[in-house]
Amino acid sequence: MCGILGVYSPLGNNVSQKVMLGLFAEQHRGQESCGMAITDGTKIDLYKGMGLVKDVFTPKVLSQLKGNISIGHVRYPTRGSSTNKNSQPHVVETLFGPTYALASNGDIVNYTHIRKELEAKGVFFKSTNDGELILRYIVYLVEVEKKSIPQAIKEMMKNLKGAFSTVLLTRDTLYLFRDPFGYRPMSYGKLADGDFAVASETCALDILNPIYKTEVQPGQIIIIDKQGLKKSDENFSHKNHQHCVFEHIYFSRPDSTVFEKDVYEIRKKIGRELAGCDKDLNVDMVVPVPDSSNVIALGYAQAKKIPFEFGLIRNHYVGRTFIKPTQSVRDESVSQKFNILPDFFKGKRVVLIDDSIVRGTTLKKLIKIIKHAGADEVHVRIGSPQVKFSCYYGIDTPTKNELIANTKSLEEINNYIGSDTIKHLNLKKLKKVVEDDKNYCFACFNGDYLVK
Amino acid sequence: MCGILGVYSPLGNNVSQKVMLGLFAEQHRGQESCGMAITDGTKIDLYKGMGLVKDVFTPKVLSQLKGNISIGHVRYPTRGSSTNKNSQPHVVETLFGPTYALASNGDIVNYTHIRKELEAKGVFFKSTNDGELILRYIVYLVEVEKKSIPQAIKEMMKNLKGAFSTVLLTRDTLYLFRDPFGYRPMSYGKLADGDFAVASETCALDILNPIYKTEVQPGQIIIIDKQGLKKSDENFSHKNHQHCVFEHIYFSRPDSTVFEKDVYEIRKKIGRELAGCDKDLNVDMVVPVPDSSNVIALGYAQAKKIPFEFGLIRNHYVGRTFIKPTQSVRDESVSQKFNILPDFFKGKRVVLIDDSIVRGTTLKKLIKIIKHAGADEVHVRIGSPQVKFSCYYGIDTPTKNELIANTKSLEEINNYIGSDTIKHLNLKKLKKVVEDDKNYCFACFNGDYLVK
Amino acid sequence: MCGILGVYSPLGNNVSQKVMLGLFAEQHRGQESCGMAITDGTKIDLYKGMGLVKDVFTPKVLSQLKGNISIGHVRYPTRGSSTNKNSQPHVVETLFGPTYALASNGDIVNYTHIRKELEAKGVFFKSTNDGELILRYIVYLVEVEKKSIPQAIKEMMKNLKGAFSTVLLTRDTLYLFRDPFGYRPMSYGKLADGDFAVASETCALDILNPIYKTEVQPGQIIIIDKQGLKKSDENFSHKNHQHCVFEHIYFSRPDSTVFEKDVYEIRKKIGRELAGCDKDLNVDMVVPVPDSSNVIALGYAQAKKIPFEFGLIRNHYVGRTFIKPTQSVRDESVSQKFNILPDFFKGKRVVLIDDSIVRGTTLKKLIKIIKHAGADEVHVRIGSPQVKFSCYYGIDTPTKNELIANTKSLEEINNYIGSDTIKHLNLKKLKKVVEDDKNYCFACFNGDYLVK
Amino acid sequence: MCGILGVYSPLGNNVSQKVMLGLFAEQHRGQESCGMAITDGTKIDLYKGMGLVKDVFTPKVLSQLKGNISIGHVRYPTRGSSTNKNSQPHVVETLFGPTYALASNGDIVNYTHIRKELEAKGVFFKSTNDGELILRYIVYLVEVEKKSIPQAIKEMMKNLKGAFSTVLLTRDTLYLFRDPFGYRPMSYGKLADGDFAVASETCALDILNPIYKTEVQPGQIIIIDKQGLKKSDENFSHKNHQHCVFEHIYFSRPDSTVFEKDVYEIRKKIGRELAGCDKDLNVDMVVPVPDSSNVIALGYAQAKKIPFEFGLIRNHYVGRTFIKPTQSVRDESVSQKFNILPDFFKGKRVVLIDDSIVRGTTLKKLIKIIKHAGADEVHVRIGSPQVKFSCYYGIDTPTKNELIANTKSLEEINNYIGSDTIKHLNLKKLKKVVEDDKNYCFACFNGDYLVK
């Protein structure tokens, strides 16, 4: 997962501060590194750094980034190398200077094939990153085959398979485009001061004071230049889409509107659906694994009319480092990340809510300390179906055999993590929640990979 | 506000990792800088840095800090200079090497007077920090007047007025002591592996797996050395104490037990008391200013049986930098820190809960965006009485005339921030909540400074 | 002044160590910054840094620079900005990666005109450096006008006026070329291990163990690739050349052979010619301003059969910093740079030798301390005619009115610097020394600028 | 070898610039690290760094070092660890702040014994450096045994054996003292502006504009405070001294006066004595191994009336790095350090002058390249007797069996290095040169270690 951002100021405002603020609002989509490319029409400056937006884009750095068109990116720590090389935006330079910059969120399924094709033609790669592939593919068509940029983007859309929500900047134009299945979110809007902005999530537009905000459609190309904002006539959208349902369940911020639905509402509904399956369960309280399950738990509590409680306290200073976590670090960090209330669980029957189960190790530890604190019962409720398949569209899921749902039955999982009962929201109910069974990707639950 | 930590391992375990973990759990008490002093019996090593515990105490740094006795500190950005000099622990060195190290949370009221006395005797100061004063006062008595360390601590207790929860380390002993009024919290415990630990808050002991935890009593001196843990015979405690009630309301983590009361429970009770004053108020939901008011709001919602909602979403990446905030930065950062749910407040009557009002600027902005989002009514409820006086016991309150409660009537405040109604928990009810009207300091509400 | 270097290894040896050694031997030609570009056939790596060769190219840095073709550069602190931007080599990158690298010693007289022409065509410049102009001029012809590199170099030679001793590297070929007047030195050779090397001075080839060394002819283009070393058929040399005579007098190391003459011999002859003019002068000793005038003074002493003495001791640690000197620093640094022998000059008649006079400030100070030490007479002899004109071919002479020879008569200079007598080697004698009056540039003495 | 410096300004001038300049003039005595301690009467500031004086004491650093009493040090790369810990000055801190600072040049022979004694008393050491031992020995006597500083210095002089030229600073006084045998040089003087300065060599005083300069006598203690400069009544000098004769031959700068003799004159005399042994030798020229043998070779040439020639050119940029040299680096660096003139030695008979032979590896390489260049004969003449014993008084000689004079006969050495003949100045002649056979240490030649 990653986050993208772009701003175009027709009035020539310096937009670096806006890009920083937008990236800051998308920090939850990637804490490993961040970067910004900006142009004032004569050159393109690039600044990237490992770490958080506020630490990389200090006031001093920002004061040196000037221009009216800019794109930015926050990067998630993936299994690949955590180096500045793989961080975005990518820039292609020519005799005429830095000429193209691009930032993308997603994953190209036929990466290896396309890269080999380009390398055979002499194209040079500096990273192993999908965004660079998209960029060099387009630039090859423009520079060597002499196509226009919009033509090149269209051809890219036909040949590169996978997920991409992408911004491309030249010295005078900002291009936005999104893969034809619309895997990852992407919205744009016009700001109160006349600037245009685009972001992965609407919460990043909100911080910029938008007068309207709307989705970049799957397969759509939008061009913003001094003549204003122009949508491509053609639309490469597939009839049905493949929105990542986990954006609703986990990735996106609850204050974002994603795939035209409010994330907060979806999560409340997930909670309500879970509660609907527990009509006969007598419990004293609902406790979320904070913060990602807070809203699901709230929905459950309201539906079941039992108290919602912050029984687990999360240390928000966890996970600010860009050093890549090993398993041993992950294990240790459960107790660093969560603590329980003292004298709170004694004799209590608890419903513990989480959004999903990957390895099960965190839940196992949490249940242990809750029971150790005297809880009589701990019932685990999960806001999604069992995750059994890896994601090829931008999420760094572990390999299949690291997923507990592939190696243990649900009953074995119940025993393993030490819960009294365990239930998942099933796929049918999830489809009911999103009110759509045609436009979402559920591949991590059912293995139906539409794009390969 | 700051946080202290100490560990003594009778079995000779390396304790640097524990001190780091404990400081990490107390990170909310100070994000500006942190430090650790550690001894292996032959020398005392000191490591300090600006920034967060996880960024300063990297695995590489930790691997070089070795010893079985150690103290640590996290420092809050105060108005004084944000330099490494003022960060703690402080160390005094002699011909015999670094000999004494100390970390303290609090504020010495007669700092200037005592410092002048010591300087007249030639004592040298490297910082303007209270902790250094306590340390050099003690060391003067030991090195020049040839008193024992416990005697010196006792004499210090008699002459230095103010708040101090302090740890002092020599090459073979760990000393814990707390001012006779017990302004700031301080607890110690024995860990499952036989080590002793001390911390500002119990949540920092929890991460170290304690088998028991208990308070260092006001005016108590505890000595831990190879003969074990020994409490001073004398106790310098005043009959009544002066616990800072804001530790319950705001500073401490909700999973801590402070002044022998569970913080979470106190906050729930504050919410219930507030709800008790609103019997006739018809509203649709309760929304906290996250995260500090979450539990108060939950208590209110449960008592009043109306929905608790996360209507404001907090960006947890705010405030990770140690650059000192100016007013202009503070203003801008409200929108960076908080965003509202889309399409959520339209036509709603909202109770907005906050723990306290200092300048009123944050609430003013939040109410503005909530009303702009269509809320019909916004009723502000504050979990504490009006803050009208500065704190001299460890909190960096602004000067009196920056406190809105001193310059405006409550009605004027209601107009200024744009709420429909505003109510504070009054002092009487607050005393009822803490079930004690003799052992707390309420000076920031009523100006009754016991120690001057 | 600057120094260039290049190595091509047909056998695929890693040549980074050789380039470092060669640059190190040319360090006297530039201490401000240095850099290296190297290719292994698949990519071009570039490493540049401010400061000395040994400090920039540490063993760690060198171990990461791998390839069989490489060029390098040392840069002199000129009046322009002392930043990494202006340091060389320059690299031009395309979609196909870094593709061309170039390093040059010299100065392009029609820089502004050519740059404007290129910029009008959209060519982008990162620096204000002559080398970059040469590089982008060539690359423009290759990339846009689709000429071959040798054709492009030829066209460059016709249109760019000035001095350039240049190396150009692609992923498979090393190009050497020198301006048609041969202003600056440039020699190449074959090494004992089969590699080819090129350098500004032969002393830099010596360190690489050459089996032969010879000059790159003025106007010559040499191409080294896997088919070996090939000289261009055409030669763009002018009939007469414009070798910088100051390379003999001052710039080059005394162990170099420059313009096919041994520098040490030339300097000895200058000394002898100066002595020839002093037949009637009775003095006790000859003292050089070390180190640049050592050999001239030795020639003088041997011819006149009076003792050569190291009466002034130079601190060799001066001038290692890349901070640009201001006048006030220059003034102060005379006493830091030179000290006199104690009890040495008392009652002595001294001939003080220097290579040239620019501002006269250093000599003024030296004579003052020598006289203060008791010398009876100080006669100044200068190994070159009076410098009255600025250089446009690679030397950073001050502006005309800073040259003392333009503002004072020789007699006034004698008074100003406090010498008893002063004599310059006149131009006729200098021509006699170099045995050539057609192939040298004497413009700084007589203002005859052939290339404008 | 190392260099010390000290300045006291009675008028309260800021002296940091002077200390920097003096250290800079002593840079040849140590390039590994340098440092300065300075006091303004209220505190002592310390600044140390690895590398050269000009790189460590940048204008920015200097501007923050303020005070009227200061000491400094340059350190030579010895076999011990090249870390900041071992660099000087050392400072001892107490409750009353940094109170004592010391810098010393020399070596304490009974270091281990004295250190153990002090450690048994609890004294703490931060380094393995002799200077720290002297400092802590004195401070122990002052702080614990309550002696005055002059008394403590006297007692130190009685008990610490070895070489030390030392400066000690408190907040109001500068102490100078030198071991009773006067192994290492040390001079002080009064400056034109009224300040007092002390240095290892007079060349470092010269740069400060002295009105007089004179030696600190062996065993003498000098105290400079606001009452002026005061010499101790007692003098601990031994009747005969043990001046290191290599200070004349090699270490000191030729413009220094050392042990009351001018270094330049001594070296000229060495050359003359060598020439006196070569009456029947017919040769064409004398060539020094630059720079250390320049003056010896000049003396030889003048006496023998044959031409002195700079046949070997030294690269002055060698050896600026503080990375410690290994043997392999030393080997390679001969060709980096020296190059020969082209076409110069053909058919020539050469006397090659060096100051001493340690391992013989450098000479072997130089003779090889000179012969390879066509010289008919190379006669080696050495300005000192054979070095057969290690030094315990401040010089980092290799162990005995690394000294070629211990493993080979002179004839074998002649064969090994490839010279035609080889001669050393014998001890008797060396004594004649220094006109003294009682006050010098010749232990490295004859093994007569007076102090053990």
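Just so it is clear, A, B, C and D label the chains in written order, and each chain counts residues from 1 on its own.
We adopt the following convention: a residue touches a chain if its C-beta (ideal position, glycine included) is under 8 Å from a C-beta of that chain, and two chains touch if they have at least 3 such contacts.
Because the structure is predicted, anything quoted here is derived from the model rather than measured.
Engineer: By the touch criterion stated at the start, how many steps lie between subunit A and subunit C on the shortest route?
Structural biologist: 1
Engineer: Greatest Cα-centroid separation from subunit B: which chain?
Structural biologist: C
Engineer: Counting only Cα atoms for the centres, state how far subunit B is from subunit C in Å.
Structural biologist: That gives a centre separation of 66 Å.
Engineer: Starting from the mean Cα coordinates of subunit B and subunit D, work out the distance between those two points in Å.
Structural biologist: 57
Engineer: Cα centroid separation between subunit A and subunit B, in whole Å?
Structural biologist: 35
Engineer: Treating touching as the only link between chains, describe the layout with one word: line, ring, star, complete or other.
Structural biologist: ring
Engineer: If I apply the definition of touch given earlier, which pairs of chains qualify?
Structural biologist: A-B, A-C, B-D, C-D
Engineer: So in the complex, which bits of subunit D are touching subunit C?
Structural biologist: Residues 21, 24-25, 27-28, 31, 52-55, 58-59, 202-203, 206-207, 253-257, 262, 264, 291, 294-295, 298, 302, 307-310, 313, 315-318, 320-321, 323, 335-336, 339-344.
Engineer: Enumerate the contact residues on subunit C facing subunit A in the complex.
Structural biologist: Going by the criterion above, the answer is residues 43, 92-98, 122-124, 126, 136, 139-140, 143-144.
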